[in-house]
């Protein structure tokens, strides 16, 4: 493909608007040409701001562009992605690909039927420089064999994760993709527990078992109040590697040394979003997907589903995906 | 009591020798008068170094001193402590008080029969300035209600923890005392798992449930190779508090910024050992025990026993101590 | 202006090539259309890589583009910038604007004669997120009145700073722009000393006095070997603020906890370069300069010249710029 | 000497009381037997607390003890130390040994006349574990040749440093002893400047030149408000080493991650004071001085005097001590 990739964004909430702004300012190979939202006024305001068109419908947007970013509510992902596949559009679909594994499987089936991969799933952390350095350390062998991981994922206030299940499928799903990617091995089983009873069990403490036997403790706490915080420590037989807190300035004042902890995950991962969009656009222009694909999205949904079951059963739930189709073998 | 406390140390291995040296240089209210070890030569060398006598037997040592530090191998603790109780000596017994709960219960029974507490158990972390500050933050209410704790306890190489069970009773027992002390609530259940199979499952990943429902993830790894490392993060509804790594100097050289990680837990907790010995001696002179007592030692043994059972059962094991005797009510 | 800004880059060494790549991948409002270098082969390789043309001369490049980035050797800056001004091109000229104040004054004079500002000087740190947060803390008043600054600027090996004078005009000039920008007050005097004698005095320790009397200690060390390191601590009557070291992952291994220290200032300030280029392009399209302008470049050259004099005199040298022309009043 | 060292403390203000408490609880080889203060009530309260006698006069105290800690106001040091020397008592005299170099010289002369060293000066940092590790790194050669040092010394509020001169002789004197000890080379010249005019110039920014040409920037700020803070970075040809901030617990709460900064230098250096007193007592029992001696106290006073002169002259002032007497050659 020559010329810039003409991109449309479906969904102009916080995430979609951030993607649209990043595409139109910081990804040179792209022209943001259209946005769409059920809230037409919100879509038009963003279109005006960025010099794009406000499409009257997802269908109209898909028809008008080369490639699509899907950032609408989670429940709409599968339908929109299937429509985009029908039109042959490369897509970046925000996580989760689907609300459950069967939804994600429908996307996989459609790609398999079409015989090509078009969908990347928005597992942004794979593009975060810190997570990539962490993976590079693991891959270098310096840590020996990985035995344990300790992961923490806290939001100041719950956004879309508003019940037990969506906390797993909407928030913990990041770890359910990031950890197997980091360790380069599949999740074998998941167990999710919580220190609180009641209608909304938050925080949750998951244990994840990998193919090698390695275990991960995973805390997800979407009402942690103090701010957004993501921690990961990987423990191997020869050493450990851990993400550093992100801070730029320390202020010493009134008896304390302090750094701000933001509550904004978009700002926290701004670099990662930009790098993700740029890599996706580059691959889309080349007719490929080289980031997390629909199969990765399906695997995360399978693991999340096991997590939701475990919240009810209180015990280990096996993670048993279907056999990987030929299309996704690498 | 007027005059200094005449103290004897039983066991002159690494821990006992460290205690003896600390007592003779850094605890002003004490005279170290005697040491004993099965290895008479080792005992005599230390006695010479410190200007104390080398006692020919534990019995002789007990007879000659006002108070006793028991730092001999774990399996000997109960017998020596019972002998000291019979002689009416205040004692500081290294952890664990016993190899199992029934052993610890014998010590408790002896104290109850005698109608007085004489035994402090060497749960040193209660005297560590960092752990005390952590507890002060929790007690201040600034964190809200504690929901989760993440604890890590790594040694460079295994010392006395040489099989699955002693890793729990000898190493993890620190956390099994520290955590309920920090949270001021009892352990309700313990589950211990490991990422490795085989004769010696190291590391172990425990989950601890407290009376309030709060959960703790606890990693113990006694062959972590890189050094000695103790981490604790407490997560409440309003915020978190975590121990800082201990380092004094950062060196930037050859493309890296680094701080040493020692492999020596005695050096790591040197302040705590000194403060523990000083507090114990002060209380002993006053005829009391104000640190962790035989009942605390028993509780930790009960929790450790549940942990050992869980290693075999693979599931939660309830921690059900006997009713607390009147002697230990506060 | 509608459409993208057609940009050419003069100089395809490390800095110019980095700018060209950033422009062509990460700045959406720009088309990189041409590059030029005295080393025609190097220019052509870069042009091929980025899909741009290799211009046979600076003049040809200037004629073909809307705006120009000047990243050629320092000694060529003034001539190239004057040529660009004659052609009416917005420019981003790498620091230093000139080798000395009289050179920079010629650029200022040309802009004053033309009656408009077209030149931005590449004082990148003004776009660095950490430096901006540091400035925001100062501007918030939380530190009270600033009394002192401690700045450190180290390179692993000297690049272009190869003698006493170029260390000041080529390296320290960053601090001579950043510090008055941070404190929002002019430099009154500079003193530069060194712990070493001889042909190349490196490191240098400068003291800078500002209009308010505030003092800064400034270390510049271009052969610090271990890596690239930039530190700044601002000390006010109510508190201090300091830049945090940049690190993403800590590895604990073999008795040490370490983070890498890179030797690459382009990587260190990658975000800042990208934000600088984007802001410059946006302003250029709007027909303005809103970053550091030719007058800022002149002021830094005046201060650097005082620094070079002080290296010889060993004492304070006053920094006495000409009166600010109307064109540069804000 | 056999038996414990019977020690008396002159001066029961904050520093003297802290020393007395440390001696009576944490230094095993010592008996605190007497304290004295012009404020007899204060002395008696401390004596009661610690089981010591309150001496009616310094002379009475000196007569009653084996060794003396002098922690009275700075202006009284020389007189008390001369009296102690006349009585042949080992002494630990708080810094500064004297208000000026001539005062310190009188102590030196008295020791030379007596033919033996009895006085240690309270340059506590030499016993601080962090400063000792910093010195060990320098001595190891890992940093190459030291070129620069950056030192910071801040108090929350001024205590005894209440004018330009006492800020140098009472506070900066720590650095004027610590730095030559760290670098193992004498101070050649000192220059002291301040960003503020007026009756009390605080903060002060000193530059120190060492025998090798190495330079140090030294900030002393005794009204820094936010807390007590001591920083030191040593810059060598192969790398740097810097003191880490001291903190034990990080609290994340309400949008910030923070650690406390205490305002209490006695707490900050508690370990160092204890180790200093223990080492002093041990040497005193052995009839020697192995810490900083009267000659070190004199050298620091000579450097401080140059600093005070420089505050007035605004330029470098040479530090020219007398020739080192045979008694102090090592």
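Lettered A, B, C and D in written order, each chain numbered from 1.
One rule holds in what follows: contacts are C-beta pairs under 8 Å (C-beta built on N, C-alpha and C of every residue); 3 or more make two chains touch, one makes a residue touch a chain.
Bear in mind that the values here come from a model prediction, so they are computed numbers and not experimental data.
*Asks:* Please give the intersection of the contact partners of subunit A with those of subunit B.
*Replies:* C, D
*Asks:* By mean C-alpha position, what chain is farthest away from subunit D?
*Replies:* Taking each chain's C-alpha mean as its centre, the farthest from subunit D is A.
*Asks:* Count the C-beta contact pairs for A-D and for B-D, then tell me which is higher.
*Replies:* Of the two interfaces, A-D and B-D, more C-beta pairs touch across B-D.
*Asks:* Between subunit C and subunit D, tell me the centre distance in angstrom, where each centre is the average of that chain's C-alpha atoms.
*Replies:* About 43 Å, centre to centre.
*Asks:* Can you give the whole-Å distance between the Cα centres of subunit A and subunit D?
*Replies:* Computed value for the inter-centroid distance: 57 Å.
*Asks:* Mind checking the centre-to-centre distance between subunit B and subunit D? Centres are C-alpha means, answer in whole Å.
*Replies:* 37
*Asks:* Specify, in ascending order, the residues of subunit A that touch 2 or more different other chains.
*Replies:* Each of 225-226, 229, 238-240, 247, 252-254, 259 in subunit A touches at least two other chains.
*Asks:* Which stretch or stretches of subunit B touch subunit A in the complex?
*Replies:* It comes out as residues 144, 147-148, 150, 152, 193-197, 203, 205, 207, 209, 212-215, 217, 219, 221, 223-226, 229, 233, 235, 237-240.
*Asks:* Under the definition above, what is the set of subunit B residues touching subunit C in their complex?
*Replies:* Its residues touching subunit C are 225-227, 229, 245, 247, 252-263.
*Asks:* Going by the contact rule at the top, pick out the subunit B residues touching subunit D in the complex.
*Replies:* Where subunit B meets subunit D, its residues are 23-30, 129-130, 133-134, 137, 142-143, 238-244, 247-254, 259, 271, 274, 278.
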